[in-house]
Every structure is written in structure tokens, then in C-alpha cells.
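Shared chain: chain A. Partners: chain B in the first complex, chain C in the second.
Now for the complex of A and B:
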């Protein structure tokens, strides 16, 4: 088996605020293989975006990465200097942000913004060649009449078009990993499908691995090969999409899947997970999910769960599956 | 690839420019401001062609003449033509104001953007220093500095600049703080851009609008301040044609020869009013939300 493209090991990111230390990420571990679309799911505030920002070292004060390793092609990103990091960011790892309305500079023409990326990483020199390349990239993300859009300002484009411009910018340097942080959340449903299919086709054409962050299980089911589920700053379950959707093991994953409304069933009420996301300043002891877990035992509140291997690809962090504890 | 025409490519800019023109024409006060300043600039640039007399040419036989056909605004106690002195005074005061505002806006903005972008201890140091400067009344501090340096126009420019930069530093810092949190700045960082690149390409263009408005409004204030320094003898020295100095001299003859002080005073009034109206107008025009609501 080849080494994974990105491997996050025991990542801890804390935010030091007035009210106390927010333990946003507590021991997050997962990996992304070459050429796959990887999904990271979890509810709002569980630390998905913090994980992505940590992976690019974009965490700013009062936040701090306090432990762990982020291995990108075997190199630990946490030990690199800012200069070395700048050569990786945008060049080998790119990131698409959630809100396409805010992630383009309102004062720069689209063409110039896309060109800047190429200039920063010195992929193309300048002049006519650069212009041609920009148009070519915009055409790749299926923007209509890219020659005209090059001269437009962001306010002249719709949300979906802007998100496509963002994707174009981010893949223009031929990165090896594209991080998409909730790429479709701010868009309406019909545009979502377009954006996802563009991301998929980018993966095929440019041989880029994709890391999608979302709270939408539909997005995952549609696009991803493998996923990890996060809860309150920890990864609770990882596996192939099929395994996980058909055989969810962690009570949280089971709850998430049950909470999806089904079109063919008439239900008065949707299933929900009781309780709410814990305050990460004083997270629950032991397994962070145990106060909301219907099957939690006494020991769940005392000791955190260990990672249990179910199959070669399926892992779950829950005490119910450790040796000797198995119910099924 | 098909090349589109210049008109076609700049369609949106032309449209906005036309809209700006339309707004200016509709709003009487903005229009008055722009016209006043336009006329003042014209007078300053073409001063030698407008006046018949040298502004420092003393004709003692013509002392304290009332306004007449040969001296339309009269003469002062040294027999210098007041109209000529006012025109050249406009020129001198505009140069002083542009110099001060230019220095202060550039220096203060750079400091403020740098301070706001990087934050931390340096930010704290710059901003507390700015606080100290702002704790003094502007004129008092400027007077003290000008007095120490010795009275001259150049020294009054230095003195006012030293008291004025915190305004821009604070303004630029505040704007920077809000811009740097926007997603496109983070996106740029995620793309591997350097800090200097982000500051010049993303932050500066986005904070320049409030700086420009402040600079225009400050032109009026700075003219007043420079005139005040000259008035109390710490700026321009006789026989330089400076408006504040002219008022100071004319004050001695106010009872019998009213025109000596009155016309320079009126000129300052009109000039400052013009800049304030223009500044207000620019603020409305440069704000994309406000400009729509003006219609």
C-alpha cells in the first residue's frame, strides 16, 4: 500500500479565549489517499473547518496548533517555515472557501485574480500567454464565455459563477490536494449539483485529490469515496462511503443517518439526536458523545474511546466495539 | 481570441462614471463644492496670468487704498495689491495643504495598515503613540513644535504633519482590521501569497476610499490650521502672500480699512467650505450603498 497523500495524526488545536481554552480539536487523526475524494462530515461547530485550516496552517491567534503531525507527502507541515509553507499553499494544496460572495476581492477583475495565482507561483510568465491560460482555466470550470468574464468584477457574477471562479483559481496551479470547505453550503440546490460535478471532473482531469468538508450527507454520498465523521473535535468513525452508509457503527453516525428525512416515508417528526453540541471549553469527560448517547455505559464517561478496526478501511472510536465489549 | 473594443470592456466603469456625474449634477451642495474647489485650483495654477501686480511689490504711495478700478480689492498697509495677494495666497495655502495632507495620508495610512494587519506588540506601540499625539489639542502641539523649529512655512508644514498623522493611522488601522478578516484575504493566504502582496493588492485598495474622503475633508482643516499658525506669527512671514498672515496684518487696521482683513478671511471661508462640501460629496459617491440611495 502506498503512503497516503495527507496524513493527520493526533492533531490538537486550541483557542485561548477570555472564557477559557476552547479545545476545538482533540486528537484528530485521519488520512487522505492519492486520487480519492475524501469527505469530512459533522455538525456545525464540530471542528471541520478548524481541521482544514490547521492542515494549511491558517489558524490565527488566539488559536494555536498545540500538538500532532500533519504529514503531506511525508513532510510534516507543522515543522516548515513560513516561506516553505507559502510554496506549498496554493501550489500543492489549495483551498476553496465556503462563501463565494466574500472570497473574491471586490476591487479586482476576475481575470486578474486568477492570473495572480499563476504569477505568485510563477507558473506562466505574463502577457498574452497568461491571458490565454486564464481563459482556458475558466473554460475548464464551465463558465460561459470566459473571454468576457475575465473583464468582469466579482459583483457582476452570480454565487455559483463565483464559486466556479474560486475553484478555477485553486486548481490553476495543478495542486495535488484541493480542500473544499463547505463548497456548496452558500449555494442553492441546483447550483450545488453543478459545483459538485465540476469538482468531480476536476479530479478526473487534473489528477487532484479532493477533501470535501460538509455537514450535508447528501453531498458526501454523491461525491466521496471515503469519509470520516467528526463530533466535538474528534473523529468518531471513518470508512468507505458504502460501508458507512450501510453499516454505521458509531451511535452518532447512526443518529446522523437517521436524521435525514426520507422522501418516501411519511413521518410526522424527524428523528433527532437528543441534546446539543457540547461546550468545548469544558467538554464532557471520556467519550465526548456520551451525554447524548443512548447506549453509553458508565465507563464511557470515564475513559475516551479507542480507535477500533472493523475492516481494513472501517474504523470506529467507540467503547462498544473494543474487544470483549462487542454486543453484536 | 476576439479582442473586444475599449468601450465594450469598460462598459461598467463608464456607466458608473456617468452615474457619478449624474449624482453630482443633481445634488446642489456637492456641485457647489466641486465647482468651488475647481475654481480655486484654476486660480492657483494660473495665478500669474490673472493678476496685474506682483503680490510682494510694495507701492508706498498706494498704501491702504479702498477697492477701486485699479485695485479691485484695495491695497494693504505696504501698498501691495490685495487681489493679487489673495490669488497667490490661494496658491500658497493649497500647496501647504496638499503637502501636509499628502505626507500625513501616505505616512499615516502605511503605518495604520501595517499596524492593523500584523497586530501584536508593534500595533499596540503605534496606537498608544498615536493616542499620546491625539491627547493634545492639534493647534497647541503644532504651535509648540513650530515655535521650537522657528517660524517658517516649511516648519509649519512639519509641525502640522506631526500632529496630524494619528488621524490616518487610526482610520487605516480600523479599515484594515475589518478587511483582513474577509474571506478573500484568507483565500489569498491559502493561495500562498506573501504578507506584502496581500497588503498591497488586497488591503490597500479596500481601505483607500475612507482615506480619500478624510483627506478631502482635512484639506479644509489643514488650511485653517496653517492659516492659524501664520496668524499668530509661527508660519509664513511677511511679505509672503499667505492668507492667515494677511488677516493678522489687516486686523490692525480693521476699524478704518476693513478690506485688508476681510477679503483674505472670506477667501479662507470659501475655500474651507468648498473642501468640506466636496468631502461630504465624495463620501456619498465613494460608498456603493450610499450612492444608490442618493437618487
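Now for the complex of A and C:
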């Protein structure tokens, strides 16, 4: 087996606030293979975005990466100097955020913003060649009449178009990994479908691996090859999409899948997960899901769950599946 | 009482927002947010209003409640068929110019009683008590400086529905009915989670036992596990209090769960209405079909090639001529740009505004959404 493109090992990120230490990530481990679309899914506040930002070392005070390793092609990003990291960021790993309006400079024309990326990372000189390259990149994300759009300001574009500009900018440097943090959350379903199809075609054309972060299991099911489910700062289950959707093992994953209203079936009632997401300043002891888990035993509140291997690709962190408990 | 007639009837409702420009701030154009909508909403049922952002669904919801005044059109609330007939007859008379003075007076009387677009003053207050709204973002629709007790007492205070002594027990009763506790009474909105806040908003809306609720994307800001709780709650409340919902959403999977009937809106117009199951199995308007196709299905086994909706919603200031959807429709022909399609009956209770729906129905060998086992 070839080495994974990105490997996150035992990552811990804490935020030191007045109210106390928010233990946002507690021992998060997963990996992303070359050439795959990987999904990280979870509800608000479970630490998905913090994971992505930690991987790019974009955590700012009062947050701090307390421990763990982030191996990108075998090199630990946490041990690199800021200069070395700058060569990787934007160049080999790019990131698209949820709100494209907040990520684009409102005072710069679209063309100049895309050109800036090429100038900085690809050392392309200004001139006709750069201009042509910019138009070409915008055409790649299926923007209509890109020659005109380069002269527009961000406020003149719709949300979907702005997100396409963002994706264009991010793939223009030929990165090896594209991180998309809730890329379609602010968009309509019709536009969402367009954006996801562009991301998929980028993966094919540019040979880039994609890491999608979302709360929407529908998006995951339709685009990803493999995924991890997060709950309250910890990864609870990983597997390829087919395994995980057909045979969810962690009680949280099961609950989440049952809670989605399904467009392809009529349901009378939705199953719910009782309770709500815990406060991460004082997270529950042991398994962080145990207060909401119908099947929790006494030991769940005492000791955290270990990662259990079900198949070569399917892992779950739940005590019910450890040796000796298997029968239940 | 016999309640076999629709609770709400919209007739050609329009809402235009003026665009001011020039040195003198003259009105130079209009944003035609809602452009001639006619709909019936059945009592005790849920009508889902679906569409892309900017299609005017929220404006329509707000116009029904008179949170903004309609530019034109009639909104009849709880008007019995006899009154409707009489109003039709009188209106006809006024239009054709043979109405007598007492006819005009009688019409005004009926309008004041049933027509939300013209009621004012006391009558409006009386009708407003019977209709409420829940917004998308619960935190911004609750006053941050008011305790939950104050928030939930306010409707009773405004409409003078409970004495001071009764108030506390009533409010506690309300809270407990949705799984909140007495100890929450003196807390402020920022101390609650999104799901709890939305429950408080729903409580505030149903406090005075209304008949009709506009739910404007009530679960869009919530996580799936919380969304499921809220959707179940809304269904329970509907059964318990015989509520009528107008459920505004862009999420079609929620539509199938919550609604009995659905209306698809595009650029200020209704393009298709049908019973929900009929819409999901047999959508006819290309816009509705594309929307259905775009819904992500949470089952990797059902992955499929999607028909993508091209481009973005055109501006409602200057909508395309003829059929407004034609610029994004792959079936579009010459007729679509020259004449505007009207809503036609395409099946039982199934209306569609498309010139070509007959052909689309024939060519549709597959339903827009795959079903398990197919």
C-alpha cells in the first residue's frame, strides 16, 4: 500500500478561554489517500473545521495545537518553520471556505485576485500570458463569459459564482490536496449540485485529492469515497461510503443517519438522538457520546473507547465492538 | 362547525418593491418579488413552498401575514364559500360598472372581515392573533434582553388573553409541553442552544392558539439531529391543535416529511402545485424536476448522473419574457419566449405552468428521484 497523502495522528487542539480550556480536538486520527475524495462529517461544534484549520496550522490564539502529528507526504507540518510551511500552503494544499464573500477581497477585481495567486505561487509574470491563464482557469470552473467576469468585483457575482471563483483560485496552483470547508452550505440545492460536480471534475482533471468538510450526509454520500464521522472533538467512525452508510456501527452514526428526512422515501416520524452536543470545556468522561447513547453501559462513562478494526477500511470507536463485547 | 373549505385563499397576490434612482429619488423600476400568486391552503394541512433563494417564497409568506403590504391581490382568510361567492359576484359587478352603492358597501364589509389585504385596525388585530410566523434564525428573532418568561408572556399581554395570575402557570405549561423546564423561565436567549431557541420561537407562535402558522425555513439553521426533533414537534403540534402550516423551505427532503401538498416557486410565480407524493413521483415542470434531481440523497447506493440546472436565477427586476424558466430550461422552444404559460390542470389536484408538460411527461421514462430497489 502506498503511503497516504495526509495523515493526522493523535491531534489535540485546545482553546484557552476565560471560562476554561475548550478541548476542541481530543486525539483525532485519520488519513487521506492520494486521488480520493475524503469526507469529514459531523454536527456544529464537533471540531471539523478546527481539524482542517489545525492541518493548515491556521489556529490562532487562544487556540493551540497541543499534541499530535500532521504528516503531509511524510513530513510533519507541525515541525516546519513558517517559511517552509508557506511553500506548502496554497501551493500544495489549498483551502476553500464556506463563505466566499468573506474570503474574496471586495475591493479587487476577480481577475486580479486570481492573478495574484498565480504571481505569488507560480511566479507568473504580469502580462498577456497571465491574463490568458486567468481566463482559462475561470473557464475551467464553468463560469459563463470569463472574459467579462475578470473585470467584475465580487459583489457583482452570485453566491454560486463566487464559490466557483474561489475553487478556480485554489486549484490554479495545481495543489495535491484541496480542502473544502462546507463549500456548499450557503448555497441552494441546484447551485450545490453544480459546485459538487465541479469539484468532482477538478479531481479527475487536475489529479488533486479532495477533503470535504460538511454536516450534510447527503453531500458525503454523493461525492466522497471515504469518510470519517466526528462527534464532540473525536472521530467515532471511519470507512468507505458504502460500508458506512449500509452498515453504520457507532450509535451516533446510526442515530445521525436515521435523523435525516429522506427525499426518496415517505416517513411518518423521524428518529431523533436525545439530548444535545456537550460543552467541550467539561466534556463527558469516558466516551463523549455516552450521555446520549441508548446502549451505553457503566464502563462507557469510565473509559474512552478504543478504535476497533471491523474490516481493512472500516474502523469504529465504541466499546460495544471491542473483543469480548462483540456478541452484544 | 363545518370546515371543508380552505383556510386561506390567495388570489393573484403581487408584491413589488420599488427601486429608487436618479437625483430626485424617483421610482425607476420594480423588483417583482411575488408576481401574481394564487394558492389555496387547506385547513389542518401543510403546504410546502419550495424554491431557490430569491424566488420570492419568503416575501410571499410575509405578505400573507401583512408584515409587508401586498401591491395587489386578495388574501382571504377563513372565508366560507358563500362569502367567497358573494364577493366574486360583487367584485364582478364593480369591475363591470353595474354595482349599486349598497353592493359596494357590502363588498367593503366582507373585505374587512375576510380579506387580509385590506383589513385594518381592530379587525386586523383579531385576525393576527390567529396567524403567526416562525423565522429561520431563532436567536435573531428573540429579544436578547428579555427573559424567556417575558418573551412567552408578551403575546398574552398584547392581546390581553391572560391575567397576571394565570400567566405564570400558562407559560410554564407551554415550556413543559416541549420538554423545557420551569428553571428556564428566567434565562436569556443566549443561554440556550439553537434547537431550544427554535422551540421557544414555536411556543411563542402557538401561545395564543392560532389557526395558521408560516414556518419560514425553521430548521435550515439547525443540525440534522436537532432538525429531526423540531420537525417531529411541528407534526405533533399540528395534530394536537389542528394547525395549518405554510412551510417555506429549499430542502426538498424536508418537504416530503412535513407536507401534504407542495408548491414550487420560480422567480415570483408558482410553476407547479401538487400533493407532495405526486410531486415526488411525477413532477412535470422542468424547474421542479431539476430541483428534485439536485437533492443530495444520503445513500451512496443511489448515486446517479444528475441533470444540472445551468446558470443562476435571473433578476426579478427584468424577468425573461414568456416562461420565466426558459433561460435555464433544456426543453425550451420558441413558444416559451413568446407566451407566458398559465397554471393548467395536469392531474387530480396537480397544476403546472408549462407549455410542454405533456411532452415532458411522455419523455420522462424515469422519475426524478431514484427509489430504493430500482
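The working rule: the second predicted complex is superposed on the first by the 319 of 328 C-alpha atoms of A that agree within 3 Å, B and C clash if a C-alpha of one lies under 4 Å from a C-alpha of the other, contacts with A are read in each partner's own complex, and residues count from 1 in each chain.
We adopt the following convention: contacts are C-beta pairs under 8 Å (C-beta built on N, C-alpha and C of every residue); 3 or more make two chains touch, one makes a residue touch a chain.
Just so we're clear, the structure is a prediction, and the values are computed from it rather than from any experiment.
Chemist: Quick check on the chain A-based superposition: chain B and chain C, clash or fit?
Modeler: By the criteria stated at the top, chain C and chain B fit after superposition, with no clash.
Chemist: Classify the contacts of A:219 with the two partner chains as first (chain B alone), second (chain C alone), both, or neither.
Modeler: second
Chemist: For A:185 in the superposed arrangement: first (chain B), second (chain C), both or neither?
Modeler: In the superposed model, A:185 contacts neither chain B nor chain C.
Chemist: Does chain B (first) or chain C (second) touch A:254, or do both, or does neither?
Modeler: In the superposition, A:254 contacts neither chain B nor chain C.
Chemist: Where does A:33 make contact in the superposed view: on chain B (first), on chain C (second), on both, or on neither?
Modeler: Neither partner.
Chemist: I'd like to know which partner A:322 touches here: chain B for first, chain C for second, both or neither.
Modeler: Neither partner.
Chemist: Where does A:56 make contact in the superposed view: on chain B (first), on chain C (second), on both, or on neither?
Modeler: A:56: touches chain B, not chain C.
Chemist: Kindly classify A:108 by the partners it touches after superposition: chain B alone (first), chain C alone (second), both, or neither?
Modeler: So A:108 only meets chain B here.
Chemist: What angle, rounded to a multiple of 10°, is defined by the Cα centres of chain B, chain A and chain C, with the middle one as vertex?
Modeler: Apex at chain A; the opening toward chain B and chain C is 80 degrees.
Chemist: Between chain B and chain C, what is the tightest CA to CA spacing in Å in the combined model?
Modeler: 5 Å.
Chemist: Can you pull the chain A residues that chain B and chain C both touch?
Modeler: Residues common to the chain A contacts of chain C and of chain B do not exist here, since the sets are disjoint.
Chemist: For the complex, give me every residue of chain A touching chain C.
Modeler: Residues 43-44, 144, 158, 160-161, 188-194, 196-197, 215-222, 241-242, 245-246, 255-257, 259-267, 269-273, 276-277 of chain A touch chain C in their complex.
Chemist: For chain C, which residues are in contact with chain A within the complex?
Modeler: By the definition above, chain C touches chain A via 52-53, 193-196, 223-229, 231-232, 235, 250-258, 277, 280, 290-303, 306, 308-309, 311-313, 369-372.
Chemist: Using the touch definition up top, name the residues of chain B that touch chain A in the complex.
Modeler: 1-2, 4, 9, 12, 119, 182-184, 186-194, 197, 201-202, 205-206
Chemist: Which positions of chain A touch chain B when the two form their complex?
Modeler: Touching chain B: residues 56, 58, 61, 85-91, 94-95, 97-99, 102-108, 116-117, 120-121, 131-132, 135, 147-148, 151-153, 156, 166, 169-170 of chain A.
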